[in-house]
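Shared chain: chain A. Partners: chain B in the first complex, chain C in the second.
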Partner chain A sequence: MAPKKSATSSGTTSSSSSTTASASAALSNASSSAAKSASSGAQQIDQVALSLVQHYQKATPQRTKLIDAFMAFLVVVGALQFAYCVLAGNYPFNAFLSGFSATVGQFVLTASLRIQTTEANKSEFPSVSPERAFADYVVGSMILHFFCINFIN
Partner chain B sequence: MAVATDASSAPMELLVSVGKNQSTKTLLRVLILCFIAAAAVASRLFSVIRFESIIHEFDPWFNFRATKYLVAHGFYDFWNWFDDRTWHPLGRVTGGTLYPGLMVTSGAIYHALRALTVPVDIRNICVLLAPAFSGLTAFAAYLLTNEMTTSSSAGLLAAAFMGITPGYISRSVAGSYDNEAIAIFLLVYTFYLWIKALKVGSVMWGALCALFYGYMVASWGGYAFITCLIPLHAFVLVCMGRFSNRLYVAYNTWYALGTLASMQIPFVGFAPVSTSEHMPALGIFGFLQLVAFLEYVRSAVPSRQFQTFLYVGLGGVFGVALLGLVGLTTGGYIAPWSGRFYSLWDTSYAKIHIPIIASVSEHQPTAWPAFFFDLNMLIWLFPAGVYMCFQKLEDEHVFVIVYALFGSYFAGVMVRLMLTLTPVVCVAAAIAASQLLDTYLVYKSPVAPEAKEEEVTDGTAKKSKQSALRSTSQPVVGIYTLISKGFIAGAMTLFLLIFVQHCTWVTSNAYSSPSVVLASRMPDGSQHIIDDYREAYQWLRQNTKEDAKIMSWWDYGYQIGGMADRPTLVDNNTWNNTHIATVGKAMSSREEVSYPIMRQHEVDYVLVVFGGLLGYSGDDINKFLWMVRIAEGIWPDEVKERDYFTPRGEYRVDSEASETMKNSLMYKMSYYNYCSLFPPGQAQDRVRGVRLPDQGPVLNTLEEAYTSENWIIRIYKVKDLDNVGRDHALAASFDRGNKKKKAGKKRGPRVLRAE
Partner chain C sequence: MKFLVSFLVLVFAAVAQAISSSGSRLLVILEDVAEKAGYSKFLADLEGRGFDIAYETPKSESLSLFHLGERSYDHILFLPTKSKGLGPNLTPNILLQFINANGNILLTLSSSTATPSSIVSLLLELDIYLPADRQGLVVDHFNYDALSASEKHDVLLLQPPGALRAGVKDFFSDASVIAFPNGMGQTLGEGALLAPVLRAPATGYSYNPKEQTETVDDLFASGSQLSLVSTMQARNSARFTVVGSADMLSDKWFDAKVKKVGEKDTVKTGNQEFAKAISGWAFKETGVLRVNWVEHHLNEEGAGNASNPKIYRIKNDVTYSISLSEYSWDKYIPFTVPESDDLQLEFSMLSAFHRLKLNPTISSADSTTYSSSFKLPDQHGIFNFMVNYKRPFFTNVVEKNTVSVRHFAHDEWPRSFAISGAWPWLAGIGATVTGWLAFCTVWLYSAPAATRESKKTR
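Showing the complex of A and B:
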């Protein structure tokens, strides 16, 4: 049950917005639905979440789940860095920026890889085979990390 | 360009006769592109042929000086360059306040050629860099247009237009060694890569786009145009309901990598995350994540559930985002828009608030004839091309439309932004022109619509036309009579020929003057070169101390630094408004006020530009009001613009001029000894067209050091303190042989000597 659980949690965050926005989005979902206090609305949201989770568990291949787990990890790392920046100050701003944009950039690149390798999106990417997608991903990540390391001071 | 159209119609004829020979077509295309590049380079060489291989104008002199420094000292020294020979006594952190792309490019070319044992002078590389890159720009325009249309001639036409249109030539003639020289190529190529990334949806193209974007950021401050245009395009696409995963991949790759790349440049630094100009890109980045997530949810849950999810979710997110933005802006984390940006929205903003920006002529709003002057017939083909983009309306056509709208607006606001409009005008005009030619340059007249389709020569064009016909069932457009065909084709050819002629004429007459060297015609028609600038700068270089500080208005700072190699107080970098205002105050005040200012800044020489003898209108007296205005911005109590006008509100320099005007240092330096050049009563200022008073101004604290042949440049030496402690007015009056009148009472002004 445990691995499944982690997969579901990653599923809700994975395809969501960039690291911080995702947290706030999820939070605001919950809070605003509660605030509206329409019990039916809350129920509907529950239903939505439930069907989302079910759909995810049913329709996602194992490989994509692996990618999702990595993306969840990136979200956590990014959130940690951001929290540190807010709590302890952003003094070496270069270092914070390069660390944070490394996670955001890697997240986005991974999301792109995920989109490109999903079967349902095949028609949108006629010229991008999964192998090509992965090679592109490697190239993009290398450029990203080159800039990050150069910027970190 | 006639060569291109003739040639691009030629392969069609050839194809009709030879058949669909792909290799012939490719060969022809390559040949035509080479010819276009050659034409683009050649048309920019007027200035080298007429004058010599020389760096032009003002900013290029700084770029040239920086390039020489880079070549001499190496990259790391250049990166950390602190320049103490400008902005005396402040200095300038040059390495951190310039866009290094241009210098690094020419430095790399220099070292590459040296490695190939080609002995080449760095100056010649700098002079010829802009023409060389214009050839590449033509190629980039070809690629960009090919993404927009299936017509094979459109790309070639666009390349030809881009190669010779005066709107681009104005900033890229040989010797115009400015950032724009390479930036326009990078601009067009980045846009091409963006379209490519969007169409293919691949990370690689997005990463390439980001890399070229980074290069662009390293080269020109105008990169903000890309930073705003690509998000806008993405936003418009999302609003049109055209969100696709390809857009997601392309945009996010570009933004994540491009932003990091742009932050590598010290001058840009943290701007991408802290200034408002860059916020749209960041906002769209977040927005796309949201939209992508929503798309995923929509595919995952039933539509009814999705609706509730949408309302609740979107409402919450927008609330939080808005609060966050307001909080960050009021908290001061995001800087408000900069002044130059405000002046893009409100054309009179700069005039009121920041005279230093308004004083630059290229920041003025564009006069409408300038559009025709710079783009000629392209300006009326342009709307037609945009209209045709509306007809097809794929993602890439939306880009052209958005670009066209934005580019037109900005080009209307600021003269120099004509440069960013030019590429899209060329692309759109080429689409329109090639459509015309494709329709009218068909061999035989069609007997029936079906037969007409067979006639369409290009294979790809045929296919697309057929599919377009089936899908949209547009009426068949065919031209049957030879007369109308011949007429339209002839007219189009004529227009193209006139366009070439116009471009050549404009380039040769308007844009090829180095402005360092002036040319005039003698009565017998021969050319007469007026070389006062270099004469005076050479004099400075040879006759003054190595570290003699030269005070001049900021326009000439870069030239003095580059040609005379002497420290200056202010230059075209204009980073410190107060320092410029100080110089403005010294120029516009009485001698008694100016002298202490000059002493405090250790000024040795003062340089003014005076066109009165020659009728050279770009001189300092005509710029004088800007000096007054800028000084007034800092010292409103001491310098007042009103005082420089006559009581009737005229700006005059003759005997009617106001007292303040006559006593200002600038006026005195300009007209000092000038009337001695003429018979009594005949002294005349040929720029302002007025007769000057017989009695010229008297200078006490300065002495004339040098005046160039045509009096364009006048250099004055600041006198040292008087040996016996008199003030300068007294000493000068004593030297003239006047009787000393009760010196005891005149002790007051002595305070002025206090440093």
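Showing the complex of A and C:
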């Protein structure tokens, strides 16, 4: 029992020493490349972004891209309305609620359309075809518009 | 003929009304009916003003203030009586009932006769206090009549009282100098219903003449805390008046000549004028306010201005008017608010949301119309137009008209496009809807060929 014990203990010590060695090596490596990485970090991020965009352009279907463009448009419109409310005050409040919630609601509906029509989520919605999803989306949007126009008076 | 008769009836009715505003039946209580000779001028004055005077002694069996639950008399005048009590027909309770039934009482005291216990109890009930042992004599060593009271100093010569305070109408200052002989003073409690008319001068005091001591040990009251003529007007506007000296109403002092100590000239007393003023007030010939009508309406352009609608909307412009008359001896005259006082309108729900001054607008021969225009508060609920005018020596005016105030109806709000501040959000909705339409169009025309292939492959 005793030798075994000693062996394990020696083993652990050796392993620990080896890890410290590797750590120190990594440290030296990092310190040596610190200046290099600072300059190249931006480049790496650029590369990552570039590859991301390239991948998005290559792998995303046309309709999903369309949805994304529309959602970006809604974000811009919603931000403008909210900024106006902050800057100019919320009178008449029902108009603010109506305008802002129309944009936000439209965003939410569009997001659900995107979820339901993405190829990758097909297994989640076996019974919802893209056409069916779009029809739901149209009906939901029209109800939303009806309420918002009514509420803004 | 018929017309003539009805005309005569009308004329008589008008004449009959041309006295006190609250009836002409006056009961005079005195020890002995023969005593009325001593007050003949005062009583003749009252009769001349249209009162039907009945004389009774407190011991009289037939005396009853009520008959079948109704008052038998409109006013009571108490002249001093010698008896210790007033008998079973004039208990304090009955007298209070008389006041509650809108009857007016003028009570006179005298220091030479002990005040009946019934009266003392009644006064205590009204928060008016008499000296202990019902004995008290008001003297003043600086304002006495040198002709009649050079020894005892118990005939006070007083100047007319003037207004009680700023903003209170003065009814009692017609007289010149007022002689107050042989009188008993009172002190008044804190109640808002009590108001002194005549107060003792700063050097006057009350003492017990039965005590044979050189110095006054325990002073009942002195100076202006000693009220010589006091009034109490109940919440139903019934009036109770205490005159500390019955002698000041007697013939002897109506035309007595007096000379104030330290002055050279002898003058005639103004007791007759003062007696007229105080009895006129006590029996509701002066200071009686009448509300002729109350009217309120919508004060907005293009709106029908029907009178006294039951319902208004929040933020409506509204005009409220109230017409008031004041009774003065034999007729109604336009009521004018005393200087430095305001007639106010409250628009209240539990508490007042508005308290506004009412300004005189229309004045006619016998009434003044006060009105005020204002915007209703931004609060819906059940509101009252309230005029609550309670002032010393005027009868109380409490007029409460309840209206509902509703909120805006759904179609009374301005349209969003009428408010320029809402245009950005209208544009926001527009952008969202057009963007959505464009999106849908593009979506329909962007059906991917790949899907068909995928379907085929599938």
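To be clear about the criterion, the second predicted complex is superposed on the first by the 97 of 153 C-alpha atoms of A that agree within 3 Å, B and C clash if a C-alpha of one lies under 4 Å from a C-alpha of the other, contacts with A are read in each partner's own complex, and residues count from 1 in each chain.
We adopt the following convention: a residue touches a chain if its C-beta (ideal position, glycine included) is under 8 Å from a C-beta of that chain, and two chains touch if they have at least 3 such contacts.
Values in this document were obtained by computation on a predicted structure and should not be read as measured data.
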item	value
Which superposed partner A:S98 touches (first chain B, second chain C, both, neither)	both
Which of chain B and chain C A:F70 touches, first, second, both or neither	second
Touched partner set for A:Q81, first chain B, second chain C, both or neither	second
Which of chain B and chain C A:C148 touches, first, second, both or neither	both
Partner chain in contact with A:V139 - chain B first, chain C second, else both or neither	first
Partner chain(s) touched by A:S127 [first = chain B, second = chain C, both, neither]	first
Partner chain in contact with A:G89 - chain B first, chain C second, else both or neither	second
Residues of chain A touched, compared between chain B and chain C (which is higher)	B
On chain A, the residue positions that both chain B and chain C contact, one per complex	98, 148
Chain A - residues contacting chain B, complex	15-18, 21-22, 24-25, 28-29, 31-33, 36, 41, 44-45, 47-48, 51-52, 55-56, 59, 93, 97-98, 101, 104-105, 108-109, 111-113, 115-116, 120-121, 124-125, 127-128, 132-133, 135-137, 139-140, 143-144, 147-148, 150-151
Residue ranges of chain C touching chain A (in the complex, touch as defined)	413, 415-416, 419, 421-422, 424-429, 431-433, 435-436, 439-440, 442-443, 446, 448, 450-451
Chain A residues within the chain C interface of the complex	61-63, 66-67, 70, 73-74, 77-78, 80-81, 84, 88-89, 91-92, 94-96, 98-100, 102-103, 106, 110, 130, 134, 138, 141, 145, 148-149, 152-153
Parts of chain B lying in touch with chain A, wherever the complex brings them together	200-204, 206-207, 210-211, 244-246, 248-249, 252-253, 255-257, 259-261, 263-264, 270, 273, 285-286, 289-290, 292-293, 296-297, 299-302, 305-306, 308-309, 312-313, 315-317, 319-321
